[in-house]
Amino acid sequence: MQRFALLGAGFIGSVHAANLAAHPGIDFALVYDVDPARAAAVAARHGARPAASLDEVFDPRSIDAVLIASSTDTHSEHLRRAADAGIAAFVEKPIDLDLAAARETVDHVVRSGIPAMVDFNRRFDRDHAELRRLVTEGVVGGVELVQLTSRGPASPPLDYVRVSGGQLRDQTVHFFDLARWITGEDPVEVYVAGSALADPRIDQFGDVDTSIATLRLPGGALVQIDSVRRTGYGYDERIEVMGATGLVESRRQRSGNVVRYGGAEATGDGLHAGWFERVQPTYAAALGAFVKALDEGTAPPVTLEDGLRAQAVAEAATRSLRSGRAEHVEYAASLDALAR
Amino acid sequence: MQRFALLGAGFIGSVHAANLAAHPGIDFALVYDVDPARAAAVAARHGARPAASLDEVFDPRSIDAVLIASSTDTHSEHLRRAADAGIAAFVEKPIDLDLAAARETVDHVVRSGIPAMVDFNRRFDRDHAELRRLVTEGVVGGVELVQLTSRGPASPPLDYVRVSGGQLRDQTVHFFDLARWITGEDPVEVYVAGSALADPRIDQFGDVDTSIATLRLPGGALVQIDSVRRTGYGYDERIEVMGATGLVESRRQRSGNVVRYGGAEATGDGLHAGWFERVQPTYAAALGAFVKALDEGTAPPVTLEDGLRAQAVAEAATRSLRSGRAEHVEYAASLDALAR
Amino acid sequence: MQRFALLGAGFIGSVHAANLAAHPGIDFALVYDVDPARAAAVAARHGARPAASLDEVFDPRSIDAVLIASSTDTHSEHLRRAADAGIAAFVEKPIDLDLAAARETVDHVVRSGIPAMVDFNRRFDRDHAELRRLVTEGVVGGVELVQLTSRGPASPPLDYVRVSGGQLRDQTVHFFDLARWITGEDPVEVYVAGSALADPRIDQFGDVDTSIATLRLPGGALVQIDSVRRTGYGYDERIEVMGATGLVESRRQRSGNVVRYGGAEATGDGLHAGWFERVQPTYAAALGAFVKALDEGTAPPVTLEDGLRAQAVAEAATRSLRSGRAEHVEYAASLDALAR
Amino acid sequence: MQRFALLGAGFIGSVHAANLAAHPGIDFALVYDVDPARAAAVAARHGARPAASLDEVFDPRSIDAVLIASSTDTHSEHLRRAADAGIAAFVEKPIDLDLAAARETVDHVVRSGIPAMVDFNRRFDRDHAELRRLVTEGVVGGVELVQLTSRGPASPPLDYVRVSGGQLRDQTVHFFDLARWITGEDPVEVYVAGSALADPRIDQFGDVDTSIATLRLPGGALVQIDSVRRTGYGYDERIEVMGATGLVESRRQRSGNVVRYGGAEATGDGLHAGWFERVQPTYAAALGAFVKALDEGTAPPVTLEDGLRAQAVAEAATRSLRSGRAEHVEYAASLDALAR
C-alpha cells in the first residue's frame, strides 16, 4: 500500500481524492489545502484526515507519495520538499510557469532520485493510447503528418486567463506532449497563428483563444495542432497520424450511440458537453500507472523532463505567436542540466 | 454489338432505354409499346426506332435480344415469343403472377435454349455484391442468421396494390432472391406476420404494408426479412449476415457525407429520398452482366429458375400470412420440369 | 440511508456488492450465501458483515431492503420472506421458472405492500433509455416496427443451459421486457423459429441458441427479436424502432473510437468482448433507481408484474418454438390475481 | 444548344469529351489537339469532328464556347483568342503559371465581355457544396476555424513535378479556392511548412509533397490546409468549418458501405483508390453550371478573377515555404487592373 497525501482540495484535487480513495493499492492518508475547511471536507468524504501542516505532509515516516494539485505557483516548492524528504511526487502541470525556474526544480528533483511524474493525463485516454500503440508498432509506416484537435466548450474566466500563461502554455501544452509521445520525436521548430475570437477581451493579455500550431520534427514530418477555447458543440478532441503506408485516427467521441432518422436527416448524440465528461477516466488511469511504477520500482511513464520539453515547445510557440515566424525550440539548458 | 429491342416504354422502360443507349456493346435498335406515341418518344430520345409491330421486334435477323419491361401480364407471352424466335431475353420480374403459369413458361424457355435472365437488380448493388463475395469467401464462417431490411418511402397507389400480388410477391420477392443468392440455399419453411398500418385500405385486398418474414434454411440457419411500404425517413435497405465466426453488413446508405455538430446533437444527411436514387445504378449493372454473358456465350448470372424459386418462397409466405403458421416452400413441380 | 442485505455472493452477487458499497445512500450491512466462506469474502471486501443466518437478514429492525442475487430456485422464497417481514426487495430475474408459482409469489408480495423491483437492468442502458425517451415523446410517430438484437459472445456451459429454462426464458426475456417497455404495449401473439447451431448438444434439452421471435402488438405493430448465444465478434446488442414518421436506433456499440486506414480498407475497434463490458453500468443504475424510489416513497420503476409479463411472453414463445405456429400470450391469470 | 469545341484530347480532355457528349444542352462539335490522331480518336468516340486548325475552333459562326483542356502553357493564348472571337471559354486551371501574365490575360478577357469560367471543380462536389450552403445559411455562426485536407494516393512523375509550379500552385490551389468560396473572404496572410517525404528527389526543384498551410482571414478567422501527394490509403479529401455556434464537416468518403466484424475488430471499405473515383462527377457538374449560365445569360459561378485570387494565395504560400515566415497575400495589381 502506498500512503498518499493530497495537496490541494479544489476541483481537480477533489477528482484526485476520489481516485485516491478508490485505488486498491493506495492508503489515502492526508489532505492539505490552504483553506483548512476545504481540506477537512474532502478528507471526510473519502475517509482521509486533514493535515495540520505541510510538515505533516512531507513526513516520510507516514507518507510515501504526494499528489500535488495545489495552485500552479506552489508546484515547484512542493516538488522540492518532496525531493528533500525522499517522498515520491505526482504533479499537475506545469512545474512552473517560468521555464528556467521549472528547469531548476527538475534538476533538483532528478538529483534527489525520487520517483516523480507529471500528470499528462491525455496520454491515458484509451483511444489515444491505442492509436499510439498502433503507430509504435509501425502500422502506418514512418510518421509524416500528425493532426491534433483540442477544443473546449467554454472560454475560461478572465481571471483564470490572466494567470494561465496563455492558451499555448495552458491548453495546447497537453497536445505538444501528445505529439512528442506519439511520434517519439522532439519538435525542432514551431509556428503559431492565433486570434482572440470568442472572448476579444483576452487580447489585452496578449492571449488568443483560437490558434493553429505547425511543428516540424527532426526528420521533416509535420504536426498540426488546432486549439480552441470555446466551441458551440461541446468538447472536441481528436488525433490523426498519417504515415507512409496508412492513417490511424482517434476519432471525436460522441456522448452516446443513438441516432434518429426523419425526413432527409439523421440526428444523433453529439459530443460530450464538457471536457470533464470525456477526460475523467484518464485521471484514475494516470494515477494507476504512477502507483504501478512505485510498486514495481520502475520509472514512472511520464517524467518531469517530459513536462519541461512540452513546456519548451509552448515557449517557442508563444514567441512565434508574436514574431509571425517559425521559431526554434530550445531544449538545450535542460539537457545540459541533466548531463551535469 | 448486341442488337436490342425494348418492350415497354413506361417509367422503368425509360430507365432501361437510357442504359441500352449508353452501353458501348449494345446497338439499341427498337422500342415497342402498346402506346405507339410513347414508344416513339422514348426511341427518339435515344436514337432508336419505334417498332411498327411485335413481329418486327421478334425478328432474329435484326434483333439479338429483347428487354421485357412491359406490363406484368405480358411477360410470359413475350418470353415465349423470344424463345420461339431464338432471341435472348432479359425480363423484369415476375415472369407471371400465377406460379404454375410461370413454371410452364420457364419450362418452355429452358427447352428453347435461349439465354434468358430475370432482372433481380438488387444483386447488382455494389455493397450487396461485396457482402456476398465476403460471405462466399467464408469470411464469417458458416451462415447462421441473415437479416434483410426492405423499406420504401411511400405507399403505392391503391390501383397498383390491387394488381401487385401483394407486398410479399411484389416487394419482398427481391429479398427472398437475395437471401437465396447470398446463402446459396433454398429456404424450406417460411412464416410471415404482417399488418396494414400505413394504408389500412389495402386490407380489403388481403394485403399488408408492414411485414416480417422468417425463413428456415435446410441446415437450420435462419433468415429474417422486414418489408415496409412507407417510412417517414426515405428509402432504407440493408443486409447483415452472421456466421459462426463473424458478421458482415451492407449498411443503410446515407445520401451524403455532411454532418453538423451544434449543442448536444450531430445532424447529417439521412437516407435517399426514394428507391430510385439508391437503386438506379443496379439497372445498368444488371444489363451489363447480361450483355457480357451474351458476348462470352456463358450463362446469364440470374436465371429464370431463380425467378421461379424466389416466387415459390413468396407463395408460401403469402399462405403463411393467412394461416398464422410456418409453411413449407414448394419447389417440386419446377424441379420435375427441369428434370424432364 | 437504506440498510441493505445481499443474498447471494456468486459472480452477479459480487457485482451487486460493489454497487451497494459505492452508493452514497446505501448502508451495505449484510451478505448471506449458502457458502459462508464466500459470504465472508465478499463482505470483507466491501466493509459489510457476513450474516449468520437468514433470520439475521430478514430482520426489519436492522435491514430495510434485500437484494436477491441467489440461485433462481430461492428467489420466490426470499421474496416471500421479505414480504412477510416488511422489507423491500430487489430481485434478479426470474421470480420463478414456473410461471404459475411466480404468479402466486407476486400475488403474495403485492398484497404485502412492500416495494419490490425486478432487475431488468437493460432498461437502464443509457442508449436504450434515450431511445425510449425519444419514442415516448413521439419523435418517430406511432410505433410500427421494432427490432431488437441480443447476441452474446459465448455459449453457456451445458450445465447452465440444462437449468436455464431455455434461451427464450433466460436470454430473450430481457428483450421481451424491453419491447413492452419501449412500446408501452403487451404483445398478444408470438412466433419463434430457432436452431441449435453453435452447440448442437443443447438440442437434447429442446433448447436453441439461435432464434428469431416475431411479436404482434394489440394495434398491429410488429416486433422482431433475434437472439444468439455465441457470435464470433463479441457482444452485440442493438434496438431500432420505426414509427409512422421516422426511425430511432440504439446502435451496436464499439469498444473504442480508433480506426486505421491502409490500402483499400478501414479497420477499427469492434464490439465489446463480453456482455459484462457492455452491461456493467446498468446494474448500478438499476439499483440507484430502486433506492431513489425507496427514498422518495414512490413505486419502483420496474415491477414484479413486469417480470411476470415478460415471462408470459417467454412461455408463449417457448410453446411456439415447438408448435411451429404463432401462439397467443396468456396474461389473464395474473390480472385476475391482481384484481382480487 | 451551345456548340462546343474541345481543346486538348489528353486524359482530362477525354473526361470533358464524355461530359460534353452526354449533356443534353450541348452540341459537341469539334476536338482540337496538337496531335491530330488523338483529336480524331476522341472526336470519333463521341460523334464530334476533329478540327483541322485552331481557326476552325475559334470561329464564332459555328462555335459558341470552347473548353480549354490543353497544356497549361497554352491556356492564356486560347483564352485571348476566345475573347477576341467573342466565344465563351471554360478553362482548366491555371490561367498561366506566371501570375503577372495571368493577370494580363484576365484583364484582356474581362474587357472583351465574354462569359468565362475557371474549372475549380471541387466547388461542385455534392458534399462540399452542401457544407458551404450550411455555412452560408449561418448554421455554425461566424466562421472561426476551417480545416481542409487534400491528399492524393500517388506521387506524380518527376517530369510532371518539374513543370507543375510546385505542390502549392498545382494541388493546394484548389483548396485555397475552396477556402475563399466557403468563407467568402480573401486570406490576408499565409504560412506554409513543407517537406519532401514521399519522393525526396523533388527537393531539387524546391518542391515539397507534404505541407501544412495556415491562412489568416481579414476578421481573424484561421484556415488550415494540409496537402499530401502520396498516401498509403487512397484519396483523402475532407473539410470542416467551425463557427461560433457549431461545426460542419464534409467527411472523408468511403468507397462503399460494407463492414465486417470478427474477433475484436471491424473492417470495412476504405477510401477511394484514386482521386478520379472521388472527383469524377464534379467535372460534369461544373460544366453543367457553365452551360446553365450561358443559357440564362448570367455570370458563370466561378470567375477568372477567382482563379487569379487563388493563385495569388499560392504565390504567397510558395514565398512562405522559403522564408519561414507568414507572408502577405498580394491581390492589389489585379484589383487595379479591374478598376481601370
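Read from first to last, the chains carry the letters A, B, C and D; within each, the first residue is number 1.
Note that a contact is a pair of C-beta atoms (placed from the backbone, for glycine too) under 8 Å apart; a residue touches a chain by one contact, two chains touch by 3 or more.
Since we're looking at a predicted model, the values are computed, not measured.
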item: Chain whose average C-alpha position is farthest from chain A's own; value: B
item: Copy-to-copy rotation for chain B and chain C - C-alpha atoms, rounded to a multiple of 5°; value: 180
item: Separation of mean Cα positions, chain C and chain A [Å, integer]; value: 41
item: Centroid spacing, where centroids are CA-atom means, of chain A and chain B in whole angstrom; value: 59
item: Multi-chain contact sites of chain D, meaning residues that touch two or more partners; value: 140, 232-233, 236, 245-247, 261-263, 269
item: Contact set on chain B toward chain C in their complex; value: 140-141, 144-145, 147, 151, 189, 191, 193-198, 210-212, 214, 216, 220-222, 224, 226, 228, 231-233, 236, 242-247, 323-326
item: Complex contact set, residues of chain C against chain D; value: 232-234, 236, 254-255, 261-271, 273
item: Chain A-touching residues of chain C, taken from the complex the two chains share; value: 126-127, 130-131, 134, 139-140, 245-253, 256-263, 269
